[in-house]
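Which chain is which? They are A, B, C and D, in the order written, and residues in each are numbered from 1.
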Amino acid sequence: MKKSVLRVGASMLVLSLVGVACGGSDDSSADACEGNSKIAFFGALTGEAGNLGINIKKGLDLAVAQHNEANPDAQIDVEAYDSQGDPDQAPALADKAIADACVKGIVGPAFSGESAAVNAKFEEAGLPLITPSATNPALSTNGWDVFHRALAGDDKQGPGAASRIVADGKMKVGVIDDNSEYGKGLADIVQTSLGDKAVELNSLDPEAADYSAVITAAKDAGVDAVFFGGYYAAAGKLAKQMADAGVTAQFYSGDGTLDVGFIEAAGPAAEGAILTCTCAPKDSNPEFLKAFQDANKGEDPATYAAEAYDAASVFLAAMKDGKTSRGDILKFINSYDAAGVTKQLNWDEAGEVTGSAVYAYEIKDGAIKGLGLIK
Amino acid sequence: MPDWLIIRTFWELTVTGLALGSIYALVALGYTLVYGVLRLINFAHSEIFMVGTFGALLASSQFLSIPLLEDGNYPYRTGMTLIIFLVFIMLIAMLFSGIGAVVLERVAYRPLRGNGDAFGAIVLAFLTTFIVSLVFVDQAKINVIIALLATAPISYAYMRFFKQGRKAPRLAFLISAIGASTAISEAVGVWSKHGRDQYQTPRLLEKKTLFTMFGTDVRIDYAIVIVGALLMMTALTLFVNKTRLGRGVRAVAQDAETSRILGVNVDLIIIVTFALGGVMAGGAAMLFTLVYDQTRFNIGFILGVKSFTAAVLGGIGNLKGALLGGLLLGLVENYGSAIFGGQWKDVIAFVVLLVVLMFRPTGLLGESLGKARV
Amino acid sequence: MSLVLNFWLRVTALFSGFGEQFRAMNKWQRYSAYGLGVVALYLLPYWPDVPVLGQIVNTPGSQFETVLNDQVVIFVLIALGLNVVVGIAGLLDLGYVGFYAVGAYVTAILTSAHGNLPWLLALPIAVVISMLFGLILGTPTLRLRGDYLAIVTLGFGEIIRLTAKNMDWLGASRGISNIKKPPSMFGLKFGVLDAKPYFYLGLTMVFIVIFILHRLEYSRVGRAWVAIREDEDAAELMGVNTFKFKLWAFTIGAGIGGLAGVHYAGKVGFINPDNFPLQLSILFLAAVVLGGSGNMYGAILGGILVAYMPERLRNFSDKRILVFGIVLVLMMVFRPEGILPKRVGNEHKKRRAKSQEGEVAS
Amino acid sequence: MLLEVNDLHVFYGRIEAIKGISFTVGEGEIVTLIGANGAGKTTTMRTISGVRTVAQGSIKFEGQDITKMAPHDRVKLGICQAPEGRGIFPGMTVRENLDMGTYVRGGNAAEKAADLEHVFHLFPRLQERITQLGGTLSGGEQQMLAIGRALMSRPRLLLLDEPSMGLAPMLIAQIFEIIKQINSEGISVLLVEQNATQALRTARRGYVLETGHVVKEGSGQLLLDDPAVRAAYLGG
């Protein structure tokens, strides 16, 4: 009996050594990918931020399905890495994607936070990525060669939003943010762009139920417009509580609010709200709209689906061109210049897409309606 | 007089702060009652509140078929009709939360007291098989069928285990509470494809100004929340002080062993305690949806932490303390936000708690259901 | 019928039997068992390549060795530290994530945001500062009893997170990036891709912490801790300065939490306040109690389970957290003292034997 | 027999506190259990009240087996206890404490008033203190309150656990007088005492408990005269 502990320990050790031996032999042949090449989705599919990731994956799926239909003998697979948008879970998933030699490119990471946590890994591994949604301006300042953004960053969106607000003739704009990396970043840019027309109204806690303190401050300041930097759930609550409190200021917000969830949360209070996004309206490309609807039981493409479609099609173009290694694909992307469904796809050194613009949207009759480009 | 924001908007902040504080206070009562009787932080109480908000949602949208979006007309809901609607929805919310709290007690706490019964055994057996079946297949319907089939034999085994009457240490209760809290909110979250969405609750009334006080408009929903909370709290105090079961609750809180010797059915009293806390949380949930028109699977977490803070601030185990703590916390948060900005709100709340506990280590009004003569 | 119960009893018997056997072995057997175990642990990253075992341990969908370091080692370190606070000294700490954050932030500040120190130098500073935080937070709060302490520590955890989130000097919600990595040593290169060196480093930290805690637990301090946990008033009456020893436990626990933070910051190179949410504190506590509060090895096991299971169970995708919650309840119902409960009886026996020896000697 | 305890075994965790004791209490009797600390007296009392579970053996009340009956049902049958340490609810007034005695029985206001009158007749001091909180009473007053509270339930069998503990000698005599008076009203009493002399003088019969066993039994006078009992419990 006594010895059984020893025996267990010894057998564990032997097994591990076997592992080392096997592992060694595995490593030498790890470069080659057996089976189909893969394009990976990286972002949240479940958890609280799941909705956004599902939109993106649908765009990716559509692009790959079209490719596979057109090229029966060069099938591509989609691999999904569900990080739940959590920077703590992301590294292990990123390493997994890197270790899978079949993964040739990443559509994602979807959020700025997880991007900051894992992009350095992709850079080191030379695994090219195109994010359809992470808009934090700082991401492109790290000198990552693999990094590409399929839409403009918040540093473009902020001034765009500000010029729309000014064009609407607003003189006193309350700027509120949700104190998140994205929300505060965007709100700060908008505030700077607005100059002395802006009134800083501090942050709110998006998780809290009651925003009355910040609304009281907005009321007190007598603003004629409010810009909110943050996500749709909080934006909906804010718009509704403002309306209930009798604040009539025009509501503005950014791409984080561009979701039907905003309309659901705010109800009638959402009417007339103006939102900005560097993403293109769903009807900017009728062909894509129709293909997407056909593939998704008539459902309209939601935010970032078109960008994800574009990102995927760049990878697919590279593969169609006969590029198989990650390095070749990266080179291909860096010199890519062609029209996508949302914009001209061509990247500068930092990975920012050159042909980009800021679009305005309005909530009208309970739906999101594109207003076109902001000049 | 200096022209600070806090001074200009003092009364407005007071009204909104009191409304939120009333909800904190009602939820805090649940923490306080359970703590008073079992010396247990019922961490899952926040989810009982959440269940209540969904009860209110069901009652208004399904049972009463009130449409979600209204264009500002509330024709059939004035006067008496409105009151009946409100009371009905509140009763349903209370029912949801009350039942939720009692089930929670019997499944997650009673077995730990060495007192598990068949009900707990069956639910736990169902959950066990459900989890195990997930390893093999992940399709809700099939999982449930497997779980139902295997429940009987396993609950029999669990009953045999319960017969040993093993009592768990205090920390185990807290972890069980944390587990139950996670499980309840996640169960709602994975319930359907849209489980994690933010749900809107129908608007029951037009949020117009009821009266003006100190130059501040007091909205009708805020007034209902504050008055409703005070009424519920009065009813609870009367129940605890004037009824036989209420006396039982106080007796068990002060000395459980002697209470048993005198013939108090302690298990029943514990159920009553959880039910009372649940009913208060249900009322709070309905009032919450009245003002904020929305709920979500994780709405309880932050509110629960705040309410627990309120309970401790006033003196946990003390009913009046819960009221005082709740209102105070609501006000402090609002004033603090106005002075320092909303991003510092929680910091201010916790600093106030800390300062109070430094000078009064058992909260503002001291501990215990009985000692301070609720 | 009672197949499950039977199985359960057997599984638990396996664990308890293991310990008994272990203690019954003689010295060289014990040390060789330790040695084998340690080597096997250092080889953990290679386990997925072992034929059958690999199938069982490997995490589907995420890289095993990264999980080992980023999740498991971090949780084990934290469980060890929190076990000192909760398990050994009996202080309910719901804000432990605060110390973890302090460790990570100090590292980030010193090596990236406001300094250019190497990681190795930042490590001791960060640990000491974490301990200082434990001291500063502990002094006013430890006078509070049980549940008041719980809410106050919870508040402190939140205050630390929110302060980091709202102060530009601490990177606000942007966080701090480009945190320095550990220097290359013993032929290990601490890069971006390979998680194995970090795992070896982390595992070594775990062993060092275990060694230190072992020394402490069987010292005068350790005896005082147990006395406080069992009956604080009685300990006070026996002349134990309970406050001092509680503060010690709090401080040491804080230091270990800080160490975990240092390791985390050095590994990921980027932190922001959202890495340190309140929920994490609750998860930490769950790990300690699940494994067996008061028993160092129980806490380790709890840390491993809580960190590893969600990754292992990736198949359930969205239902992971639900399952985790239910498992916590089930565990507490059927094994309330944790998987590896503290061995009160044996400890007492051992101590009594020791004290009698002492008497004979004097 | 009113109460029959037969071969009772009770465990505290793994420790067997009661190792097979048997005794009876007849209708209208005062019976006492005496013994040193740790002999198992209080455990026996709590087991009869139903707050400790029986491992083996049986308890019968008026011929009915109550071994597994819930505590509140036993109170309903007429078994009520004034527990060791008095068990006064510190945050309730004297009046509320007394009301707790009627918790199970219920009863209308008139009945309660009559019972209250009766208790105040036995313990006039309690009437003076009626609005005072239980926690503020003196030890003697608390003991009176505990006995009064038990009487409020209209018991058939009154269990008194160490009524004399911590009281001044004069008060002790008074308490025992009242016990006799209660008994004369037809209520049987099971009395557990460390103060063996007084207990045996008051009781008709007695049992001597030692580490969970009954080692001697007999009439009160017989045990008082027993040299071994004298040596062990009566101070010579």
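Couple of notes before you dig in:
Basically, a residue touches a chain if its C-beta (ideal position, glycine included) is under 8 Å from a C-beta of that chain, and two chains touch if they have at least 3 such contacts.
Going by UniProt, the chains are D = Unannotated protein.
Model, not experiment: these values are computed from the prediction.
Between B-C and B-D, more C-beta contact pairs join the chains of B-C.
The most central chain, judged by the distance from its Cα centroid to the centroid of all protein Cα atoms shown, is B.
Centre-to-centre separation between chain B and chain C, using Cα means, comes to 32 Å. Note: centroid distance chain A to chain D, computed from Cα atoms, is 75 Å.
In this assembly, the C-alpha centroid of chain B lies 42 Å from the C-alpha centroid of chain D.
Chain centres here are Cα averages; for chain C and chain D they lie 51 Å apart.
Contact with two or more other chains is made by residues 165-166, 317-318 of chain C. In chain A, the residues touching two or more other chains are 47, 50, 179, 203.
In chain D, no position touches at least two other chains. Annotation, chain-chain contacts: A-B, A-C, B-C, B-D (touch as defined at the top). The touching residues of chain B, counted against chain D in their complex, run 165, 244, 247-248, 250-251, 254-255, 257-265, 368-373. Of all the residues in chain C, the ones that touch chain B in their complex are 1-5, 86, 92, 140-141, 143-145, 147-148, 150-152, 154-156, 158-159, 162-163, 165-166, 278-279, 282, 285-286, 289-290, 293, 315-319, 321-334, 336-337. By the touch criterion stated above, chain B contacts chain C in their complex at residues 35, 39, 41, 107-108, 111-112, 116, 124, 127-128, 130-131, 134-135, 138, 153-154, 156-158, 160-161, 166, 168-169, 171-176, 178-184, 186-187, 189-190, 301, 305, 308-309, 312, 316, 343-344, 346-347, 349-351, 353-354, 357-358, 361-363. Across the complex, chain A meets chain B through its residues 47-48, 50-51, 179, 202-205, 207-214, 216-217, 219-220, 233, 236-237, 240-241, 244, 246, 261, 264-265, 267-268, 366.
Of all residues in chain B, those touching chain A in their complex are 5, 8-9, 12-13, 16-17, 19-20, 68-72, 196-198, 200, 203, 207, 217, 219, 288, 291-294, 296, 298-299, 301-303, 333-334, 337-338, 341-343, 345-346.
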